[in-house]
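Quick one: structure below, then a few questions.
Chain naming follows the written order as A, B, C, D and E, and within any one chain the residues start at number 1.
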Amino acid sequence: MRRFIKIYMERPELAGIAFLILLALVFQVRSDGVFLGAQNLQGILGLLPEMALVAIGVTLLMICGEFDLSVGSVFALAPMVMGVLLADGVPFILAFPAGLLTALAVGLVNGVITVRFAIPSFITTLGMLFVARSLTVVISGGFPPVIPPDAMPRQLFIAFVGPGDMFRMSFLWFLAIAVLVALALSRTNFGNWVRATGGFLPAAQAMGIPTARVKIVCFMICSLLAGFAGTIQVMRLGAPLPSIGEGLELQAVAAAVIGGTALTGGIGTILGGIIGAVLIRVIDNGLVLSRVDANWFKLALGSLTILAVIVNAWLRKKARAMKVETD
Amino acid sequence: QDEPMDIVFTHHSSASNPFWQAVKKGFDDACEKIGADCQMIFTQTEGAIDQQAANMITALAAGPDALITSIVDNTAFDQVIEQAVDQGVVVIAANVDDTEGAQGNARAAFVGQGFVPAGYALARKMSEFFPEEGPINAVVGISAPGQNWSEQRGQGVVNFLEEYKEQNPDREVEITRLDTGTDGAVVAERVGSYLNANPDTTAYFDTGLWHAYVAQVLADRGVEPGEVLMGGFDIVSEVLNQMEAGYIQVQVDQQPYMQGFIPVMQAYLAHNFDLAPADVDTGQGLVLQEDVPALKELAAEGLR
Amino acid sequence: MMEPVIEIRDLHKWYSGVHALKGVSLDVRPNEALGLVGDNGAGKSTLINILSGMQTADSGSIRFEGRPVHFENPRDAMDAGIETIYQYNSMVPTMSIARNMFIGREPLSASLFGIGVMDHRRMAEESMQALRDVDLHLRSPEALVGELSGGQRQGVAIARAMHFRSKVMILDEPTNHLAVKETQKVIGFVQSLKDNDVTTIFISHNIHHVFECCDRIVAMARGEIVLDRRADEVSMDDVLDVL
Amino acid sequence: MRRFIKIYMERPELAGIAFLILLALVFQVRSDGVFLGAQNLQGILGLLPEMALVAIGVTLLMICGEFDLSVGSVFALAPMVMGVLLADGVPFILAFPAGLLTALAVGLVNGVITVRFAIPSFITTLGMLFVARSLTVVISGGFPPVIPPDAMPRQLFIAFVGPGDMFRMSFLWFLAIAVLVALALSRTNFGNWVRATGGFLPAAQAMGIPTARVKIVCFMICSLLAGFAGTIQVMRLGAPLPSIGEGLELQAVAAAVIGGTALTGGIGTILGGIIGAVLIRVIDNGLVLSRVDANWFKLALGSLTILAVIVNAWLRKKARAMKVETD
Amino acid sequence: MMEPVIEIRDLHKWYSGVHALKGVSLDVRPNEALGLVGDNGAGKSTLINILSGMQTADSGSIRFEGRPVHFENPRDAMDAGIETIYQYNSMVPTMSIARNMFIGREPLSASLFGIGVMDHRRMAEESMQALRDVDLHLRSPEALVGELSGGQRQGVAIARAMHFRSKVMILDEPTNHLAVKETQKVIGFVQSLKDNDVTTIFISHNIHHVFECCDRIVAMARGEIVLDRRADEVSMDDVLDVL
């Protein structure tokens, strides 16, 4: 039993779940029982996939040892490309992939510049944050394009499904992608390479891993997921605003770190990133329900974020100090 | 005069804000009409007054003929504008003015409508939709706490509600301020959850246009239009759609196109004929459901 | 005498501001065990890093099995048949033993274009077996390499090289950090390579070890080769003298 | 000669200067000579100290191996504390130090939480970004306090001085601080400890350096400089706006990285951070003067930022490849 | 017999899931050179890391010069008079040789509360001198440690320890990566320590080196001490047998 607890708590993503449950209880009380009500959960779950998809990509990339600050802009750019095409009468079947291809292209550029010139991805993607946002504004002319009502098969992405209409379709997409990426990271040789590349680049190279290609692919996956997430959001909101996703980059990194991903690479899990994203959304939601005044809102948000990581670190430390032979 | 006029427009918003894109359109169109060399300078983050001030300083170094700017703070721009006036630049305030008007700042004239009065007007109009009796629970969504445009609009709304409370001592009026953010999805989620937890809410005021996305959440949940009154600022297609659907009752429209267009004309007259620029009120601009059809086309063109 | 497997001609290498190899030429013949010795900073690691594709030379040429080669990265060298244990940086500390053993050469249970599902079980079993072969008994294939003792870590690197033995094996100070028994295993391993048609380059500062398992001794000093003799034609003292 | 070029170009901060000169020439042409005009230089130099001071602090902290995302918020908080006190009639002599002490306190909290709980400073300071901003809004009530006209000795900080009124006083403050911090980093044993702590923490600990204290001090210096920079800006603008400094954190990190500071710590110079800050200001200023269309503005900004780092990296690589024995 | 300098009693250390020290007790007497040997993973580094304050024990006690001590960090141990060369992680690769030599103990030309201006010239000169003392001739005190060869790096660590010799010296596999001459210097250094009233703990896998310079041999296996004898009472084979 102790052994079980130890193993369990040593995994940062699972320690995160403990904090999540604690938080849910507090919010449940503070919101007079609304927090865990069906409608509120439905609300949380409806929005979650968009942020969590971005967090998955960023987590993967961070495990690979790189950063992506441009996800927020790609989140806006990909659906904008789609939206502008749709508004021009291009059918969805072409416009949708065009948006995603744009996202892929951004990832490719990020990756190639970073790897080819050996510069920090922090700068490459910070630059790309501006460039992609600018492109979004340019192609839209500054105004959200008016998409014909039935141009998008919105049902495929945002319809409610499941018992009590608990989930949106987007949640299923998210689940499928999460499982896929998580498996790719933990079970395939590609995942092994990602971890090695981020864990210790010289060793990964010495062992013959094509680290440049691994990094570029991770950049592309990260961008693609951000673009896809943005597209889902636009389907849900109905119009591609040029301003969506601003500030998302820091949130996504925060989600990854809360979930135990190391900023230096090599360490982390997809599940952790997702739990981080859930925590961020839950904190946000719970604070609104707790009627925190506007001026104090960010204070509560900031403190709880820090607290989440402190509790995580503390649980893990306690677990490690348990004197049980595990292997 | 052969030399084309050189006009610069600085303000406190970023390029991804559709409202300011409409101002830009008016500005660019006007410039084309008078054949002027024009430049609008956005900030990189929304509401960055420090960046705006920096941009003004830079723009002035190039010696423009006219400077159009929003004056979102009573003191921050005083020095720069005074310097510009000393340089002989025509300075016109657009969109927002010093709250002390001409006393507070050296600018020649103001085209637009103040934040506080706009908020006040919004709330006053909205009060006409309030239920006959029972308590009033109003929620004011401060999109960006600490940022002038948002705080002042919110303040205007709160000011009216406080007055309303005094005038109706028999009614319970409660005002809640929420930090709602400036991302449509987040606003929708936050306010949506709040309304869900507090179904007795009477009205939701947004200091931007993000209540349109809240409306969508309500529609999703099967909440009837009008159960929660909603109002906010600026016209975009999404807002008009939701007004048509009945979820949004009142919207403030400052006629952004006009705010971009008129100052150029005034600057032109001032520069070429020494005609003194005059204040122009771009309208109380309160849009109700019945105005929507007329506006839809204009909105799509970026004119309203 | 047979054609050399590796022919190195006039290799030069500059690090920023340091001339680390000053025209090194060397032939390595098939199946021989070549002991490379030399002072600290003589350029031994630099030389073999170039051979194994970790670094590129500034000038000079390398022929491998008679063909001129240009190794741009370690993968190229591995594909050609050169397996290396580096003096440093050969493990990813944040990964488990089993994963480290197989990085880049994971056994796959299903694959498409080279990407596929790893056979975890096989990785665990084979890695423990490989470790036992160097007399190391580690607690679990899932232990992180970063949490091993110095010698255990070195042992994993050795075990990997032994597991994936190739046409040419380059060992850069493989016995550092190793305890007595493990060291003997490594020396025995190098001796056994000859019988298995493997060419070996063995770098060590322990002259006894070099003489124990090498046929030929090459000594470097200040970026140049200063001695190149068959082990049975030279005494330990001769070698110590030139160093 | 070649040896000289080599040594010169290998230093990333000096490679930055090369790019700066190139850029200045381009902008000079594109702006019809306005860029290098006295008025514009005055403008650049007048604004530079504020951002450069923040960059100095962030660079120091990054060399020490930690991050500070809260500088933008502290930039607003410190002067707001001062402003609110001044508006309440507290004399400048008390209000000014109160603001700076607040900044120091934020740094202390950042440092202590990071070190004590061994959590990534990315999270601590991201949380603090929200907390400090929230506090700023709370103490101001959302609106800038009205400071009595002569409550601040503005002349001490922002008066124009020097030949042709080229500089503001703030520039002298900045120079003095820059020299001080640069010397502290390169010439004192404290600087040695900072570099060791950021370069390789286990070794620094093994050699008996009080790494926890070193880190906390760096956090405090970083916060203090951000607070001081914000105070200067507020003196210049005349009013403590609660929203100033938003987004400054990424700019400051970008400045440090452009100037050659490694995101992983241990490597970098104060001069580099300053040059990075100058580059960012110059790019911004030059683009405005070049009349880049608003919608394309960020694209140009992003690309030039990336380009700056690419050129840097390239120059350094070329320099390293030069075959000259330097030592 | 004199009072022990260091008395270790029943030391236990757990890493997460590994019982690395299982009740170690050991007395180290003044001026003796104690050779600590043992298999890979026996717990040698763990033991001396606790002695030097890098890690803390889970239970057990340490007395230093008769007083109970609790080293929370390496600084405490250094202040008490224990100087250590660690098996790993003893250098900051991004800093110059001169700076590395003096980290934490910089010579200051002016100071206030312990913070002051470093005497760069003295650091450069003394560090080069210290390196020459171990027979290493490096190009410049400004070269980065990360750009040195493996042996050069180890040499810098040795030079530092020799320069700052203290009451107790702990050397964890100091001769790894070192070439022949440098190794001899280190052994000579350990021998000379006795005459200078310095107590030494010397860890090595090279039994010859241990016998060459130590008075007493302690062998560890699986977290316990399995042999503790005076060097002149035991033969190499006896030691090899218990390993």
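Rule of thumb we're sticking to: a residue touches a chain if its C-beta (ideal position, glycine included) is under 8 Å from a C-beta of that chain, and two chains touch if they have at least 3 such contacts.
Keep in mind that this is a model prediction, so the values were computed, not measured.
**Student:** Which chains are shared contacts of chain B and chain C?
**Tutor:** Common neighbours, chain B/chain C: A, D.
**Student:** If you tally contacting C-beta pairs, which comes out ahead, B-D or C-D? Let me know.
**Tutor:** Between the chain pairs C-D and B-D, B-D carries more contacts.
**Student:** Using mean CA coordinates as chain centres, what's the chain A-chain E distance in Å?
**Tutor:** Distance between chain centres, rounded to whole Å: 47 Å.
**Student:** Can you give the whole-Å distance between the Cα centres of chain A and chain B?
**Tutor:** 33
**Student:** If you average the CA atoms of chain B and of chain E, how far apart do the two points sit, in angstrom?
**Tutor:** 70
**Student:** Taking the mean of the C-alpha atoms as each chain's centre, how many Å separate chain A from chain C?
**Tutor:** Here chain A and chain C have centroids separated by 42 Å.
**Student:** Out of chain D, which residues touch more than one other chain, so two or more?
**Tutor:** 133-134, 137, 142, 262, 295, 297-298, 301, 327
**Student:** Specify, in ascending order, the residues of chain E that touch 2 or more different other chains.
**Tutor:** 18, 139 - these are the residues of chain E that touch more than one other chain.
**Student:** Could you list the positions in chain B whose residues touch two or more of the other chains?
**Tutor:** 15, 24, 44, 142, 145 - these are the residues of chain B that touch more than one other chain.
**Student:** Can you give me every chain pair that touches, using the contact definition above?
**Tutor:** Touch list across chains, by label: A-B, A-C, A-D, A-E, B-D, C-D, C-E, D-E.
**Student:** What part of chain C is in contact with chain D in the complex they form?
**Tutor:** Listed in rising order, the residues are 14, 16-19, 58.
**Student:** Quick one: in the complex, what on chain C touches chain A?
**Tutor:** That would be residues 52, 54, 73-75, 78-79, 84, 86, 89-95, 99, 102-106, 108, 111, 114-118, 120, 139-140, 142-143 of chain C.
**Student:** If you look only at chain E, which of its residues touch chain C in the complex?
**Tutor:** Contact set of chain E toward chain C: 15, 18, 38-42, 45, 87-88, 136, 138-139, 147-152, 154-155, 173, 176-183, 205-207, 240, 243.
**Student:** State the interface residues of chain A toward chain D in the complex, per the touch definition above.
**Tutor:** Checking each residue of chain A against chain D gives 69, 113, 117-120, 122-124, 126-131, 133-135, 137-138, 141-142, 250, 253-254, 257-258, 262-264, 295-303, 305-306, 309-310, 312-314.
**Student:** For chain D, which residues count as touching chain C in their complex?
**Tutor:** 6, 10, 319-327
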